[in-house]
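Look at the two complexes coming up: subunit A is in both, with subunit B in one and subunit C in the other.
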Partner chain A sequence: MSIGTGILISLLSAAFAEKDNFAQSKNDPINHDETPKHSFIGIGIRFIIRYVKSSYRDDPFRTFLELCLVFFIVWYISRNKYKMNQTDIVLSEKDIDELISEWKPDPLSLELTNEEKEVLENVPVIDGPNGVVVNLIDGSKVVNFTCFDFLGFQTNSDIKNKAVSILRDYGVGACGPTGFYGTLDVHMELESTIKTFMNAEGAILYSQGMATIVSIIPCFSKRNDIIIADEKCNFMIQQGINLSRSKVFWYKHNDMDDLERVMIKTNDIVSKVKGPLPRKFVITEGLFSDTGNIVPLDTVMDLKNKYKYRIILDDSLAIGTLGPRGAGTTDLFGISPKKIDLLLGSLWQVFGAAGGFCCASKELISHQRLSGAGYVFSASMPAILAVTADDNIKRLEIDYPVLLPKLHKNVSLFRKTISRIKDIIVEGDPLSPIIHIRLSNDIIKNYIRITKGQDVETWSRQEENHILIGIVSEMRKGGVLVSQAIYVDEQEHSSHKPSIKALITVSHTTEHFDSFCELLEESISRFH
Partner chain B sequence: MNVVYQKVKQISYGEGTVNMNSNWLNLRGSWITNVLIIFFFRFIFGVIPFFTTITAWTLTNLSYCLFQYIMLHGIVGTPFDVNQGEFNNLTMWEQIEQGDQFTPTKKFLFTLPIILFLVSTHYCNYDITSFFISLAAVLVVLIAKLPALHRVRFFGINFRYSID
Partner chain C sequence: MIGTLEANTQLINRKLKNPISKKSKAQYPDLSDKAISLQNDVNLLKSNKINPNLVKTIEIDGKTLSGTERTIPSGEKEKSDLEKVPIFTLVTTYLSYLILISFAHLRDRVGRFFYPSQYEFLSESNGYAPLISDFESLWIRRLYTRISDCFSRPITGVAGGHVTLLERKSRDHNKTFEFTGNKLEVLNLASYNYLGFAQSHGYCADQVEERILDNAVSIPSPRNQGGQTKLLLEAEALVSRYLGVEDTVIISMGYATNSSIIPLLVEKGCLIISDDLNHSSLVSGSRLSGSSIKTFKHNDAKDLERVLRQSISQGQPRTHRPWNKILVVVEGLYSMEGEFCNLREIVALKAKYKFYIFVDEAHSIGAIGKHGRGVCEHFNIDHRKIDVLMGTFTKSFGAVGGYIAGSKTLISRLKLKSHSSVYSEVMPVPVLGQVISTVKLLLNEVPEHEGEGQKRIETLARNSSFFINGLRKMGFMVLGDDGSPVVPLLLFNPGKIPAFSHECLKRNIAVVVVSSPATPIITGRVRFCISASHTIKDLEYALEQIDQIGDLLDLKLLKK
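Up next is the complex of A and B:
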């Protein structure tokens, strides 16, 4: 036994010292008995022998337990380090060669399908400035229903002249990220203009429109946090949610009962969580770009307060088009923007510049300045765009009694004109300047019967899209530029019904609407 | 849901993550501190009047086991935000070296309570009551350290509901 214990002790010292003599002492235990009496191991062995002798005391059971513990130590110490959940597979050289020779790389992108080719071929190119009436590259003159310039700021000559003078003063680019000598006086002025216009506590400017929401969601919502989002939120919001790695629950589009149901369900889950509480967000759009509906913000706010959520409102399309002052959904429902935790807007749509902004409390703004990826890492907005946006917001602040009623008059006029066409479904809120037009099922069935010569009850999205592409290109030949709504289908959360998307601006006239309806009616009438 | 046996889900394989919460345990200074703590306990219980040697050694053993249990197996999560909450549902023992088993630190922390137990029972003159009390304490601490029980929760102890 004494030899055994000696081995244990030498093993112990070897394992702790992690020296090379580990193997030697293990293979050659007799050496230790022969070592000089004054050596460390010799003393250790004699100590152990004395210990075991004195501790035995006619109690074999207890001695056995103690020895078990000692062996436990030896077992634990002699094991090699390994990683948990290791999935590495050891392959021989031959296996590796075989695998490499068998491997055929996939192409980076698949060959385009017919439908994708059709979409690509039908992209119109505008020759000259964008506006209500534009020249296409093929020389034809068309009425544009695809421009986000709802209030006609883009073609305003005053703004153009101001922009030219700014260009002479400031040059073209800002040439630096915001935190790295890219922030100019005009950016700060624009932020304060936005703050005053939106009636918010603070505002932050993003130089890229799409990056605004994509960077704000991951900036505040992390893994183990909870997001409840409308299932028809636009693609940018979905990307932001994906990047945040939060747990996401979807509720039915604009269905407040469903939102309440999801909130109750989520709060149940949260009540089970011990430790740090997750942050909970509701994310919705103000005016949905994919459906043209307006969110019932008052109900959402009630529910959010009742179930203790924070709200992120993407008001990109609504700011400048909705509300008595044109300040978006909050203005429309008479809710103070200070009550919205994160209120987003864009400057590239209504305000004819580029980028976006976020209104929030001062703390949230400061947090974004330090850790909003889109703010920190992209070059700041060119001065010319910042000044243009600033001017356009100030113009809206003065001209809203003229511009907004005119826009809404145009929208209702368009809806009235188009309502005379049978066999189409016009979606969206009566106030929305974004109008999605879908074909009725009868028309699609008729079309398939005419082209394929057979009656069908169901059809694919591709087929429906194909019909719309045909209608759109026919209308373009007739002098009206519209577009079918284009989605990245395989990446969207919920599938959208194919539709034609028409954007109504203040600059459109009754004649434009009439020609739109005539052309649409004409291209549909072939399917009867 | 099985209440007796639950397993904490692996969220992601945090290769290269620096976990400030458990890194310091790998320092030799912290190893020495462990030994010093034992001496400190022994000293405190030794100077209290009316405590016999047996009581003092048993209490030292129990205190150290309790100390290890609280530090390594009792407190869940990290005070820092490490890799978006990768370690939020794990005890300190499970956080050491990102869950690698049989690392030097783990070997040290595994061996120390056993040695303390052997020494203390020796100085207790193998008093049977004290022996079994100490043995129970040591076994609890050792079983919690076994690789087979990595991320395993019994009776919902330390179990945290994960949103993921």
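Up next is the complex of A and C:
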């Protein structure tokens, strides 16, 4: 706009200057020499006028067109461009000050509600190491069903001694991100151990479990790309999808027909949109942490190949628990991990260290090393934890014929023991060491009748959660530590049914399961 | 440079607008005279008859002209420093990038013609879109790879004052590396080991050992489901006491602290006003929160005020409903610039505009302030005036992870709801041990090591000012404020970036070089991180060597 008006003004002023010059030169011929600049412009204007005159004489229509063009250019440059604050209201400074003094912000954080307080106060505090039997801060000893240490690596005292010797060589933190002298030799060793164990082309290490998936999804899937995801994908996958700003379509949990329907629908939408082909991804978990189900990976692979999608598989919980070798859902279904475009695992759960990893082709790994925000901008993993993870993976590589059958035996034993309790629903796949236990509707109705003295057909999640918290704290008093599943409800994509989440490990014994069962039965029986 | 000149003349023109108008001429006759003389200067500048260095003085004149007398904050000091850069350097830098990029494109064209198979992953094939975009990949393949030997250099052992590098060589122009088996012991001017707590022996390491043997290595449960341990609560109580705040929550990763906490503070209908140069983790967190995001010019409280006035008066876009909350997000010490946040002026705005303030003290906590309590202590601001204090243990404390400190109400909500409390690991035992022992030293609560924490803080302050003054005296163009342990030195030309790194390595010094896209394209730099574990002798050696390199690479642009 400024340029356009500038041109106009300079043209006009030049024309006026010309006129002035004439006037001046008529009146005062001496002064004429002192304004060489003006007369220079004057020559230009004269030249233009002469040009216009002569061309008008030769071809009047052309002059008209040229003039139109000039005016069009001036209009084009000086027109109002789209501005971000187009809807802004013009206000005086005084009005603004008034508005500012009137404005009252919400408090930064609200006090916890009573329900929330109840949850927070019920979080147990463990004194000493975490394992299958733990000491609580009040001095009681309880059997622990909240530890992801499925293969019992925590109890290994060799690990502690090794950790101390690594501490004496490497200290604790590496004091820098991987790019800036934070890459240790032990990191590279761990990456190659993971690569061999997973039978993948390459592996990359992330220093925190949660950050792995949150940074990988936006690293590859950008705005305008397409993601189809299972509606029960864990929260961190949802966060990754949010961050990528891609278009997301959800399919019903583990429902392959629905996945196919969504794929067809999405492909249909894509084919109608012009422009470059978007990247298309299917995202699913291997073993779902929020339901305990296992994805039918073979069908997903068939569908993804048929409709030309890439797959991001979060196998965090399955690696170390499923498959003949313990290498996760790919191992379970006999699919080569190289066929999975991005395969994710965690090191903080089964392998008792920290962080996570991603297996993919070499190009995708090196792309992550420069573009994965959680990799580039974060401090690298402490050497102690890298070595612990490395040792535990190597141990699984040797001990899998003992550990995995034992784990699965324990899982089925637990399921069998618990099946004798009426009024509960046990969710998840028979192989899953994560077991969500829900109360049946009848028992909830009974409870509400007892406490409130009225019959109800519907109840809120909070009420159901409250019952579960009661059961959990009752069980803790009896010597079993278990937790109700906790979510950040207000930010989750789909709401979860309240449940008690029991994690079964190899170190649990029949007695542990029996006491779990008895305590649960006892606390439920009060509702009859 | 022509761009900067143009910008300055525009700036001056804008400031001239009022004085030149007839009304103001009547009101302030002498002012407008000054304005006219300025106009002449501008004309002179336009015709290039005047040394561009003068721009600086004109700009300052322009400021007094507008009637607001104030000290120039550091942000503008840097700008004026940057304007002293010879045109030759600027032109050659842009030219170098131009050559580099055109050469990259040329190589790609030729490559695609002769070796199409190597470029398959960049083009659509068999109905799949390429996973990696062409431009991004071009930058990495053709520019980054050329100098990739300067980055991700593997190390072994402790990243203390000295560090052991694993020597590596490439036979295929940095596509792959192989280890020679040699180990190089080099002076470490790269790690964020500000207080020198990266140690494998001594009080802290002993404490860590004890904790590992008493507990285990890790706690494989999320905080809210069986992961809350006595050790974690102990560490949180200590950190709260150290910072003088009501409560603290510890999170197992620094990056995740920012990216997962901001969504809990603000949501849709709220506004985040973020500094231009904020760290990537803050940007991720802001995006995840779903609130509107605006930025203000780096460290410029005036610009922040402008944004605040505009935002509060206009309300939310389209609907004009008032904002629910406004959160101003700043960093205490900007790690690429070595600059302190202009916190005092920003806090001064708080009373009037009622925003909440989030200070990321990732680099400043431990390293800055008389007792290492960060940028608040440095500027003598009460910690309780800051609504959300964030920091990491990665840097000064030699551990990993981060914390959020603030009011009891806020922190209990975060303990319950923070994503890492619910879905991810708690801080592992050795890291907690390190945090507890270092904070105890800083609090001076270990009788056997009386005054050690304070000594480290003082040594760091002495080392940083010794180093930065040494560089300034030699005539290098150094960014950063006095007292900052991060010292960036501008290199400009892309060729000098790897050259500096190589020359340093030849002289047994490890440094970090940074270029675009982490910095503006023109200001490629080397970043020195000073530590309390450096001796004056170490730093003298480093200065001596950098002096030589500076002559070799012609970096002393401010030399008189």
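The criterion applied here is as follows: the second predicted complex is superposed on the first by the 443 of 528 C-alpha atoms of A that agree within 3 Å, B and C clash if a C-alpha of one lies under 4 Å from a C-alpha of the other, contacts with A are read in each partner's own complex, and residues count from 1 in each chain.
The rule is short, and it goes like this: a contact is a pair of C-beta atoms (placed from the backbone, for glycine too) under 8 Å apart; a residue touches a chain by one contact, two chains touch by 3 or more.
Quick caveat, the model's predicted, so the values are computed rather than measured.
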Would you sort A:P278 into first (subunit B), second (subunit C), both or neither based on which partner it touches? both
Touched partner set for A:W348, first subunit B, second subunit C, both or neither: second
Thinking of the overlay built on chain A, is A:F377 touched by subunit B (first), by subunit C (second), by both, or by neither? second
Partner touching more residues of subunit A, whether subunit B or subunit C: C
Between subunit B (first) and subunit C (second), which does A:M188 come into contact with in this model arrangement: first, second, both, or neither? second
Just to be sure I read the superposition right, which of the two partners does A:Y487 touch: subunit B = first, subunit C = second, or both, or neither? second
Contacts for A:D106 in the overlay, against subunit B (first) and subunit C (second): which applies, first, second, both or neither? second
Which residues form the common part of the subunit A surface touched by subunit B and by subunit C? 85, 222, 225, 245, 276, 278
Which residues of subunit C touch subunit A in the complex? 121, 124, 126-133, 136-137, 140, 144, 151-160, 163, 165-166, 188, 190-193, 198-201, 204-205, 208-209, 212-221, 223-230, 233, 252-256, 259-260, 263-265, 279-281, 284, 287-288, 290, 308-310, 312-314, 317-318, 320, 322-327, 352-356, 387-388, 392-395, 397-400, 407, 409-410, 412-417, 419-420, 422-425, 428, 430-431, 433-434, 510, 512
Can you name the residues of subunit A that touch subunit C in the complex? 85, 87-89, 91, 95-96, 99-100, 103-106, 108-112, 116, 119-120, 123-131, 137, 144, 146-149, 154, 159-160, 163-164, 167-176, 178-185, 187-188, 207-211, 214, 220, 222, 225, 234-236, 239, 242-243, 245, 276-280, 308, 310, 341, 348-350, 352-354, 363-364, 366-367, 369-371, 373-374, 376-379, 381-382, 384-385, 388, 481, 483, 485-488, 491, 501
Applying the document's contact rule, which stretches of subunit B touch subunit A when the two form their complex? 10-11, 13, 76-77, 81, 84-85, 88-89, 98-104, 107-108, 110-111, 114-115, 117-118, 121-122, 126, 131, 135, 138, 142, 147, 150-151, 160-164
Subunit B-facing residues of subunit A, complex: 12, 15-16, 18, 51, 55, 57, 59, 62, 65-66, 69-70, 72-73, 76-77, 79-85, 222-226, 245, 247, 269-270, 272-276, 278
